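Note that subunit A is present in both complexes that follow, paired respectively with subunit B and with subunit C.
Our next item is the complex of A and B:
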């Protein structure tokens, strides 16, 4: 019973982190058909911005409560600036190119972002633990969990619901779905496709940065964290179906529970379990669980 | 806590110059790079390749402190400014001409061969990761180039990978020393150890550490049981599930050889959830994190430094000089990767000076079986036909001094080299499982 509870809570916590870290990736792919390798760079920028801002702020001795505003603010600023620079400065000249070429382009951008973060923040790691400790812990069947972990879970649910509502219940969201369906026809109908592309990319970058920013208080923010997240994010969105928000959520849950179950029941298979479920899903559904229907133009 | 965050470069200042930002980013695209030679113009120089992590998550806590120590020591050695007996200029009369290469590369062997064949280095000092050392040691033997492994820990290097080394040396103790000493410290302090658990990275270093620690505990305390063994992927950073597994299995002792960002993340996540209060936690590489985390490192944690380095180093003129010179130059005290780099360079200098030459064969001949003094004390190339170092080591218990806001170690226990290292010719795990035959602990 205790193990089952631990698997449930740990799986949910890991899934929330995975979803926040990968939803921007699947959003950008869904709209723009760009497999954005630079996503790891946005994640790292968010993490560094957040840890740096929290460190500066807490060094003043002020109340830690305000750091909970700094985290989304850091993600917003880092994501908007980096997203705009990358999309307006580089990607808009590349639209329409082969998807594989875009992978290489965004990988190059990822490497540049990696070095930009080192140039700005150096090679030393940053720790900004204060928010993670602020609310203390709650015990679930005798196992202490930080309240901060449940805040991450709540944030992931809120982000998922907000994206679902925005895409399906708002005018802008419906127009975006039209752009996803057929960008040429959308343009002919008077929809500003370029603006939608820019906005989507920036939103994806902000979400990537948010994943890093909200994780920063729990980890040591150090060079290389962006590369680690790309691989896991790809696994999540491939399982769920690339381009699907709901798929990313389901993929994150599957990976989260698989990993937690493995750690508690058979630790040596911890890493293997993630890719085992990915292989199993792809064997049955080669394009992922919620793959978007592809229309063929003749 | 004032030292919770390190500020390396002013944010605004870095962004002011976008040209330099993009230029540096472009340079960063290269997987390896070589720094320009800093050797002084001398008649005789010896070109030495230095390989440590200059990027990636191991750069901050390991690669950069090691490179810093290399720069400091090279300048001091070339100037003859190191305290005696190292106060002669150069090594064997030749000035060190360094080339720095990033260990964070997907093509470590090719980088190594480039250093040997294209750059024409006469020796290579480097490698933090046990994975790197496993790849490079056979390459060094094939290339017939003197290669000094200064930090990596896996005992496999000379016990399984290169069993008859000619050109490869390791000037730091291997991980068996860390694990055996950790277990001996636990027993010596009388801490309850009925059940033990491990959380170690899933590669050679983490696996070997746990194998040796759990094996030693089984020998020293026969009723010890293993509660859980966790091997998360290196650099995974998220240990929520593993910490839950440690909490639910209620071990008396938790052992971890985590290092770098993984170590700091585990301390943050584990201390937030009370694992350090419920179990006695041993961090065999904890010294690299204790000054950075300060009050955030829980009191009572057992800390190691992979040798008698840093706060565990003995008082000596050489150690005092090294700490002061390092602090004056870099604004922070040296941690164990810095000590181990200095140890390697002084070993090379001692060998070259003894041979009176910086030629490869002369250094190899003199370094084999050599004994010398480093900032951490005496080092002996006692194992693997004189190619593997042993030295005494020490562990201590962490205590944060609130009055001085400083990280300290108390209840330090030193262990003689022959107590925590296998004797020459013995395989580490066989020596442990055989009851430490020949160990001299008095």
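Our next item is the complex of A and C:
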């Protein structure tokens, strides 16, 4: 029973973290058909800037409550700057190129971002635990959990709902769906496709940075976290079907529970259970659970 | 006999004695880099022949690691140190695994192929990192190899291993060059252009991809064994996706135009890495990424296209340049 509760809560916690970290990736792929490897770089940037800002702020001895404003602010600033630089500076010259080539381009950008992060913040790890324990802990069936964990779960649900609402119920969202459907026709109809691309990419980058920023208080932020998250979020969005936000949510839940289950039942399997699930899903549904069938072009 | 060889193969055959001779002339540290980069160069070749079919493998480290670990486990658990047995075991392991996984992977193209190959290599990474008997994330050491009952030591052992590595690497390169010029090699290029048309013409694209995948796996496993033996060590990093990313990097940088290109590319990268890491360790990846971006934008066919372009300008046959090894 205890194990079941632990798996459920930990699974939800993992899933929330994975969803926040990968939803930007699936959004960018859905709109721009770019499998953005640089996403790991955005995640790391968000994590570093948030941990660094929290560190600076708490060193002044002020109340910890304001760090909860700092986290999204750090993600916003890091994501907007990095997203704009990458999209305006590099990617816009590459639109219309082969999807595989874009993977390689964004991989190159990822490598550059990795070292940019090291140059800005050095190679030491940053620990910014204060926000994680600010609200203390709650007991779920006798197992203590930080309230912060539930805050992350809440944020993930809120982000998912907000994206769903924005895409399906607002004018801009509907225009975006048109752009996804057919780039050229929507351009001919007077929609500013370039602007939508830039906005989507920046939004995706901000979401990636938010994933990192919100996790920063729970982990020790050190070099290499970007490389780790990128394969995890690939697994998540591939399982759900690339480009689908609902798919990312489902993928995050599957991966989150798979990981939580292996952590509690058979710890050595933790590292590869995720990829095993991914390979298993792909063997049955080659393009993910939520992917639409596409006709082959002659 | 010579008549049947094309320029690339003649170049490779000329390079072989040169490669062996430099072991006696050049300083030891440089020869070590040549030695090690022949192993990783073979993996880059494996990535490159798949790239000819339009398939980017972001998990070629899987077979690099399988080769190294299979040979290493043979030595660790059964005490076998014979070079040829270890090599055969590495090849066999990769052959069986890739033949099986091929049935899954041959159905995928483009980014899905890249993602699935990455996932498979990360499964192995996770498994090896958690197996205590195999040293977890630290890996384990390999003994010095023996050769059909002869077990040299010190300098002789190194030179023997080096010479054999040269012969095998050149042999693999020639075999792969033949493969690229075989019917399946050409079918691969057609698959990259338009797979559906290939099938309408009556050929199975799945079969061609499967064969290419297995071949790439075997070459990478040979690379893994040849890399692990001189270093005397294997660890799970071999199958981490960042390692696979570097093989992809080399193939992009050198281009898929010629079989020699990835071999030279690997060696140059190895040398550049040594200096870059020493001079500024924190900007090394940044340099890699920038070079890769510039290559993709300005030299989409890789550095090798510089050589062939010059050739075409002077002579009109457009054949690949017969440049010898190093």
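Throughout what follows, the second predicted complex is superposed on the first by the 291 of 298 C-alpha atoms of A that agree within 3 Å, B and C clash if a C-alpha of one lies under 4 Å from a C-alpha of the other, contacts with A are read in each partner's own complex, and residues count from 1 in each chain.
The rule is simple: a residue touches a chain if its C-beta (ideal position, glycine included) is under 8 Å from a C-beta of that chain, and two chains touch if they have at least 3 such contacts.
Small disclaimer: the values here were computed from a predicted structure and weren't measured.
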Task: Report clash or fit for the pair subunit B and subunit C bound to subunit A in the combined superposed model.
output: clash
- prompt: Thinking of the overlay built on chain A, is A:123 touched by subunit B (first), by subunit C (second), by both, or by neither?
  reply: both
Message: One more residue to check, A:133. First (subunit B), second (subunit C), both or neither?
response: first
- prompt: Touching A:112 in the superposition: subunit B (first), subunit C (second), both, neither?
  reply: both
Field: Partner chain in contact with A:280 - subunit B first, subunit C second, else both or neither
entry: neither
- prompt: Touching A:14 in the superposition: subunit B (first), subunit C (second), both, neither?
  reply: first
- prompt: Is A:52 contacted by the first partner subunit B, the second partner subunit C, both or neither?
  reply: first
Message: Between subunit B and subunit C, whom does A:149 touch in the aligned arrangement: first, second, both, or neither?
response: first
Query: Which partner reaches more residues of subunit A, subunit B or subunit C?
result: B
Message: A:268 in the overlay: touching subunit B, subunit C, both, or neither? Say first, second, both or neither.
response: both
Field: Clash-bearing segment of subunit C relative to subunit B, given 167-175, 185-193, 257-265 or 275-283
entry: 275-283
- request: Report, in rising order, the residues of subunit A that make contact with subunit B in one complex and with subunit C in the other.
  value: 108, 111-112, 114-116, 118-119, 123, 267-268, 270-271
- prompt: Which subunit C residues qualify as touching subunit A in the complex?
  reply: 54, 56, 58, 104, 107-108, 110-112, 114-116, 118-120, 122-127, 129-131, 194, 196-197, 241-242, 245, 248, 252, 282-286, 288-290, 292-293, 296-297
- prompt: Taking the complex as given, what residues does subunit A use to touch subunit B?
  reply: 2-3, 6-7, 9-11, 13-14, 17, 51-52, 54-56, 58-59, 108, 111-116, 118-130, 132-133, 137, 143-146, 148-149, 215, 217-225, 228, 259-260, 263-264, 267-268, 270-271
Message: Touching residues of subunit B toward subunit A in the complex: what are they?
response: 1-2, 4-9, 11, 14-15, 20-22, 24-29, 54-61, 63-64, 104, 202, 228-233, 235-238, 240-242, 244-245, 247-248, 260-265, 268-269, 272-274, 292-293, 296
- prompt: What part of subunit A is in contact with subunit C in the complex they form?
  reply: 35, 90, 93-94, 99-101, 103-105, 107-112, 114-116, 118-119, 123, 227, 231, 234-235, 238, 242, 267-276, 278-279, 282-283, 286-287, 296-298
